[in-house]
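As written, the chain order gives the labels A, B, C, D, E and F, with residue 1 at the start of each chain.
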Amino acid sequence: MPRIAAFGEVMMRLQVPGYETLIQSSRLEYSFSGSGVNVTAALAKYGHTGALITTLPETPVGEAAIAYLRKLGVDTSLISRGGKYLGMYFLENGFGARPGRVTYTDRLSSSFNTAEASEYDMQALAAKVDVLHLCGITLAMNEGVREQMKQLAVEVKRAGGKVVFDCNYRPALWGTDGYTKARPHYEEMLELADIALINEKDARYILGIGAGDYDRITQLKQVIPEVVERFGVRTAAGTQREINADHTHSLTGYICHEGTFVFSGKLTFPVYDRIGAGDVFASAIIHGELQQYPHQQTINMAVAAAMLAHTTPGDTALFSESEVLRALSDHTLDVER
Amino acid sequence: MPRIAAFGEVMMRLQVPGYETLIQSSRLEYSFSGSGVNVTAALAKYGHTGALITTLPETPVGEAAIAYLRKLGVDTSLISRGGKYLGMYFLENGFGARPGRVTYTDRLSSSFNTAEASEYDMQALAAKVDVLHLCGITLAMNEGVREQMKQLAVEVKRAGGKVVFDCNYRPALWGTDGYTKARPHYEEMLELADIALINEKDARYILGIGAGDYDRITQLKQVIPEVVERFGVRTAAGTQREINADHTHSLTGYICHEGTFVFSGKLTFPVYDRIGAGDVFASAIIHGELQQYPHQQTINMAVAAAMLAHTTPGDTALFSESEVLRALSDHTLDVER
Amino acid sequence: MPRIAAFGEVMMRLQVPGYETLIQSSRLEYSFSGSGVNVTAALAKYGHTGALITTLPETPVGEAAIAYLRKLGVDTSLISRGGKYLGMYFLENGFGARPGRVTYTDRLSSSFNTAEASEYDMQALAAKVDVLHLCGITLAMNEGVREQMKQLAVEVKRAGGKVVFDCNYRPALWGTDGYTKARPHYEEMLELADIALINEKDARYILGIGAGDYDRITQLKQVIPEVVERFGVRTAAGTQREINADHTHSLTGYICHEGTFVFSGKLTFPVYDRIGAGDVFASAIIHGELQQYPHQQTINMAVAAAMLAHTTPGDTALFSESEVLRALSDHTLDVER
Amino acid sequence: MPRIAAFGEVMMRLQVPGYETLIQSSRLEYSFSGSGVNVTAALAKYGHTGALITTLPETPVGEAAIAYLRKLGVDTSLISRGGKYLGMYFLENGFGARPGRVTYTDRLSSSFNTAEASEYDMQALAAKVDVLHLCGITLAMNEGVREQMKQLAVEVKRAGGKVVFDCNYRPALWGTDGYTKARPHYEEMLELADIALINEKDARYILGIGAGDYDRITQLKQVIPEVVERFGVRTAAGTQREINADHTHSLTGYICHEGTFVFSGKLTFPVYDRIGAGDVFASAIIHGELQQYPHQQTINMAVAAAMLAHTTPGDTALFSESEVLRALSDHTLDVER
Amino acid sequence: MPRIAAFGEVMMRLQVPGYETLIQSSRLEYSFSGSGVNVTAALAKYGHTGALITTLPETPVGEAAIAYLRKLGVDTSLISRGGKYLGMYFLENGFGARPGRVTYTDRLSSSFNTAEASEYDMQALAAKVDVLHLCGITLAMNEGVREQMKQLAVEVKRAGGKVVFDCNYRPALWGTDGYTKARPHYEEMLELADIALINEKDARYILGIGAGDYDRITQLKQVIPEVVERFGVRTAAGTQREINADHTHSLTGYICHEGTFVFSGKLTFPVYDRIGAGDVFASAIIHGELQQYPHQQTINMAVAAAMLAHTTPGDTALFSESEVLRALSDHTLDVER
Amino acid sequence: MPRIAAFGEVMMRLQVPGYETLIQSSRLEYSFSGSGVNVTAALAKYGHTGALITTLPETPVGEAAIAYLRKLGVDTSLISRGGKYLGMYFLENGFGARPGRVTYTDRLSSSFNTAEASEYDMQALAAKVDVLHLCGITLAMNEGVREQMKQLAVEVKRAGGKVVFDCNYRPALWGTDGYTKARPHYEEMLELADIALINEKDARYILGIGAGDYDRITQLKQVIPEVVERFGVRTAAGTQREINADHTHSLTGYICHEGTFVFSGKLTFPVYDRIGAGDVFASAIIHGELQQYPHQQTINMAVAAAMLAHTTPGDTALFSESEVLRALSDHTLDVER
């Protein structure tokens, strides 16, 4: 099986249980996640080796993070130790008309974001990796981290590996004039990417591709082929999310492989925990591509996997391929007993 | 008031709280239940004496089970003590597209399933019982238990009592060729039953009655009268469940009394805990029959009681007759204050 | 900013967590609330000074109540200490077809309900208050408390302040022939009120105004102007609640200011905790009136605030004006991150 | 086996978990107890029938109390239903130098304390009872309850039964001049008692017996025989408690049977939950007397049972006779596995 | 009553409940504390006005901190809002031979530690303050904060107020050559201080006063008078802590007022939560000085208050003066009921 | 570093939190442990590779066990999957005079105890193992498991590895005439063992060595050399436990290496969780032997590690070598901050 690695930050998620706010409660539930964590854990559950490349502090908090990653099935042997802190975020759940809220601590002082490039032996790492996953959240951190992720991508490609890039644009991380600041970096990453997770909004606003006032599917069909062509991405994939009046969500997925579009049906479902669902979608795309499943099957599975991810507490969803397939065939199942 | 007893196993339910899985969590909530427990507790709440006939170990776990049954209002004076273990099952709640999961421990080594027939004084027990409840789950256990339940049913009938049999077919318990293995035992039990809880699927697959590719109501009308006639059952009753796209459930109930069908309206409702709802339906049927309520009233109440059972944490639902009647007349009530 | 005070009882809310009943559980979550608490806390969150006028015992329970009120942002400097007890209520959450249940302890023996009028220096209090909030729950307590609230209202008016009266009729508190007993007291309060929270049912049954078998909106348009005119109320406001088959609730709000009606749109939403939502509506009406917002804006905000209150654990909802405005413009928001 | 009943109030215990105070926490754990509850539950565990005679409200709280008593093994068939409230108390645990705190709600308005004598059929109750347990807490309530307990004691004696009276003097319940107010009632109860739980402080301060400034054991030997003789009590028993500098407690027990003293050794132990330990001591005395154990054995067991009661969460301790005997022989045991 | 303010950081305490480590658990309990928080809350409980001067972020975490401070009784009207983060620390409880562990997040990026001096109007603040509390933890932060605390102290003195300085030296915060780095700042603070909390170790290692290898009391008597004289401190006070083999702690307190020593007795007690006890000691010293209690009474109360602080969950202990006096007179009390 | 493996069962530990019993509570905390788990996890923490050889079911419970082992740092790559069940035990904590209680479920039907020898490729396993840990609990299971453990030990020795055998005699597992039944198997295991964990009781009762009525140390010195010689064990080690009147425990450890005894000092400490401490002692002995530490150092560390294990919730203690050394040098440490 191919060896997959992700380069990215581990964050501590501090969630107020139930539907209380930080003012009302006095309790938190914690776990450790991050885009790279979610992707490597999901791929490990599909049977691959999923290793995380990151830096964690040598403190009780860092130890707890590593133990948690091991529990998720993530290969922790490529993790560096150093620095002092772990990025953290507080999560207050929303309900109905009240949206959930995320409050970050100072992630720029984290071990990952303050690590020197010299702490990673990029060539040695590249030699252990067949597929490398990178994401736009990491790209938003700081110049050092950006440099590291580009270097590692270059080394992986040089060693014959593949690169997956998930655009994952977060406005809050780029600040004012974010799209302008982000564009050159996104362009650089897409040049390196074999597989890109991207939607029509990313293409329009970050890359400045496309313009018309069309419906979203039409926009998608217009802009994605241009992205694919301009940057030489082999496979592009993504979802369109709708939030319905009854607070269910709907997802439709697409894959555009060498210019040909395949769409999933639209799945509509209630939401327990929305965070991390995009990473589960990305993981299933990577899995389908590596297994060379037909694209229609891959996109159907990826959307079903993302749907299941919305039903799971925590950022990281752990479903086997057979569970995804069953949810795809029937998502109104009775208790299994 | 008639004295009602159930012969059946007590199981310990070990439920992961909230929506986490066994991998994610570290906590369980436990309670004690079983088909017989649920039926006798529900009937006790309607004002009857509900006694359980079973065997429990003399261990702290067995003591906890008995205390719990007392709390439910179950008469524990007919319980034997012996053996070493209690059957248990783990429950992971589902959410939306993710079904709940039940994992059993080794219930065949439980005190109930290893008890010798000689541990029960069948005649003495029959003398204390006006109505005996038995169910298809117990029938699936092993030859010893099957023999005991048949013996007890025979003694109760001999002493002038009535027998209720709930088909409750569970494929996982009978294994391969389950229907074939189960049929002779089900036939024997139905011969003994005054009241049978049965649906068209039970009749078709276990008893081999009916065949056509009709809708379920038509099937029901076709097969149930044949069951009633062939086995001399006085009252047959059951539900048809639909699971809707929005994850609500719908139930329609029927009673077939001496060949005449009565149907409830279809009730649609959100589900909190689905386990044990069938036992609550059966209990209300027994209650209505013993109180000689009009069949239309009984079936309406039984479906409303089953609906309420879906709103209650735990297997065992405890509603008074007046609460059932209120839910029947209006199930979109505001807070009572 | 105007100084707002409420005269009313603080109650301890003892809630069974999750969906278990008092029989099933062994745990409670407690908080402190009451109509006056909810109104002053909500107004404090909008930037006003919100002070509570009440009496609390000098016991650990009384201390806990005061600390809790401080946490809510309520000004506790006008609270008297004395008496022995705090009123309490147990809350069992409902689910779907199973309504929630409230069980009171003996609130008539509470410090508030047994305080002597002499414990309050009505003139001194009135001097510190620009707007006084009173409600029909307090009016139902006993003759002493009724006398105190009328006295205080008179003093506030004398000192140039305004009086808000929320009809809040609770049948269980007035007992048999409740409407007849209540009418003279309600009439007296409405005579004193500048702003009245009232719906068509209050007008018809308490005040005996209106009669026909019309739909509720027509009834409202018929009876409210008559109330306004007869009692000289400047602004009347209220909501009409519908409970839908899927257990969502719908609210439509109205303001009738000097005879002119303004209606909000109808908002439909899922409900997490319904208790206290009426107080949040009242608070937003008071806020809008004090800020002299256009009536259409005030009623829209008040209904949106009430909707948000249904999404919040506990009786007391704490939303800033900007959160209310955002919920008004879009109530299917994604996680904020 | 003799049928034992206790006449007394059921209270709801609302305990802050861990070592937080009511100001700090937001959670409570509840159970139901009372002197009569503790005694009948403990005796049921020793194999007797233990029935409670009390009045409970027909509310969800009253239902929860009855279910809880059933779980404890208490016979609930003699309980009347009526009134509106249940007495309650809050418990904040102490730690080391910080004492625990109990805060009562208004127990005088409870169903038990407001029940009319006519609600109990005293003769019918007496006919079902061989031994009646009464206690000084009940005696402190109000004139009605006092009358009822005396009446019931008289009827039980008339029917040939025995009366146990536990002095259990609580200063807070009698208020100023408590000893003077209490004396006639205590004298009346002791006249009726066959077994009295009493210590030298009770005798000195309530009954005014003895005077000198001797050590506590000398006092005991001086005053108890006088009590026994004056009131015709057959067996007197009690404990002397010391609280040590390391926060362990020590207990020494005595029985004075027809003038002859027997003392237990002094047991010293750490304390988890001190409330209800006196009732467990009393229960073991009753059990020993009913089983006609040698007095030395009875007093040893009673002190060991009381020691075990200090190790148990909640007011009500449930230990079998064999567990008490084992603790008596060795109280530094390893895990049993 | 004098108005007391403290200038210092608010930290979020994230505690693993029970005795699990961060690796084992998944839950945290949070509260907000800090030396200034503890001191102002304790003084508020003694009846003073206790205001905190700090900077908190305008985030849900900052809002939760302010609500929590209000609950503690702290006056929050002098708090500035700005910056982005709150300092935090994780606490894993120790047990027996296993010490507790504290892990900090990046507190240097907190709102307090990044606030500009211009955000505080030092003169306006000084005008509202009679007594200012400062501590060595704040002094260790960074040059900006150090400058601010000195400035504020100067302004308070200029306005006629008093300054309290608690040495509170934390080696981890000053790093290598800590004592050398710290000395000039400590000297500057002691010059400004009217009351200093200091022990012999502070004097020896930070200030370089005293040398001999004497026992700790002798050292104290040697070095403190020199500190008092050199820096013109009016009152010095402190404790000596011993940790005993049975894991109890012992404290002995001293006050040196204008050269005269007074010592408390040594109190020995079990420990529930050791953090914050020093602040409670300081608060009682401040209270005693402001109330002009005899020094012997003040030091006795301060040590008893510190002992009680060890029995309380959380950093911040809330005891009234009467509770402290009772603990002083008898610290082996039974449950209060 | 040497590769260490343990052959043994994984059990699910179901613990009632706090000090309630199974009757009182409704909650459990679960973890996964076993002698082999504890040993490999502890050795992994010391830096070795610790792999478990066992069989686990392919169920959600089996998955949860594997994830938990990964979290502990155990190498799970040698685990077989098959069978249906996991052994489980309930744990009720004791307090003071009340001992803890362990109640087992049917462990003989577990995947481990029903696995066929053919499921393990003994030679392949032996090739991956430098040191094999086995224990007397496994030896007590059934003939199949006994055969497997002997076979594996033989293969490991044949491949040049070492065998560690921990006597760990549990009377309840061997039943009547346990010592007689056990002896031949113990003898066989000791013949294979390079390192044996054994105490004087094991030698006397299982092996029938030694007789006199001497104190325990004298007995030890008498019997261990005989064991060592008779079975050719290179290193024997063990502890003597005393349970003190104040419920602290004391441990003294010994190593007998090639006939020479070394003893640790006696450590006395309070106990939080006693289960698994013996495995931690064994792990430290193995670590010391593999690192070729002086025997005095090894035994001191092993007893200190065992002491720390008593302070940790759960069976499995995770301490680094430096934490053990620090506890050894000072076990009355303050909070580390």
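The criterion applied here is as follows: a residue touches a chain if its C-beta (ideal position, glycine included) is under 8 Å from a C-beta of that chain, and two chains touch if they have at least 3 such contacts.
Model, not experiment: these values are computed from the prediction.
In the contact between chain B and chain D, the residue numbers used by both copies make up over half of all numbers at that interface. Ranking every chain by how far its Cα centroid lies from the centroid of chain F, the top place goes to C. Chain centres here are C-alpha means, and the one lying farthest from chain E is B. If you average the CA atoms of chain B and of chain C, the two centres end up 46 Å from each other. Shown for chain E are the residues that touch two or more other chains, namely 21, 23, 26, 67, 71, 101.
Contact residues of chain D toward chain C in the complex are 14, 21-23, 26-31, 59-61, 63-64, 67, 84-86, 88, 90, 92, 101, 103, 105-106, 109.
Those residues of chain E lying in contact with chain D across their complex are 71, 248, 269-272, 304, 307-308, 310-314, 318, 327, 331-337. The part of chain D that touches chain B in the complex is made up of residues 67-68, 70-73.
Every residue of chain F that touches chain D in the complex is listed here, in rising order: 18-21, 23-24, 89, 94-102, 170, 172, 243-247, 274-275.
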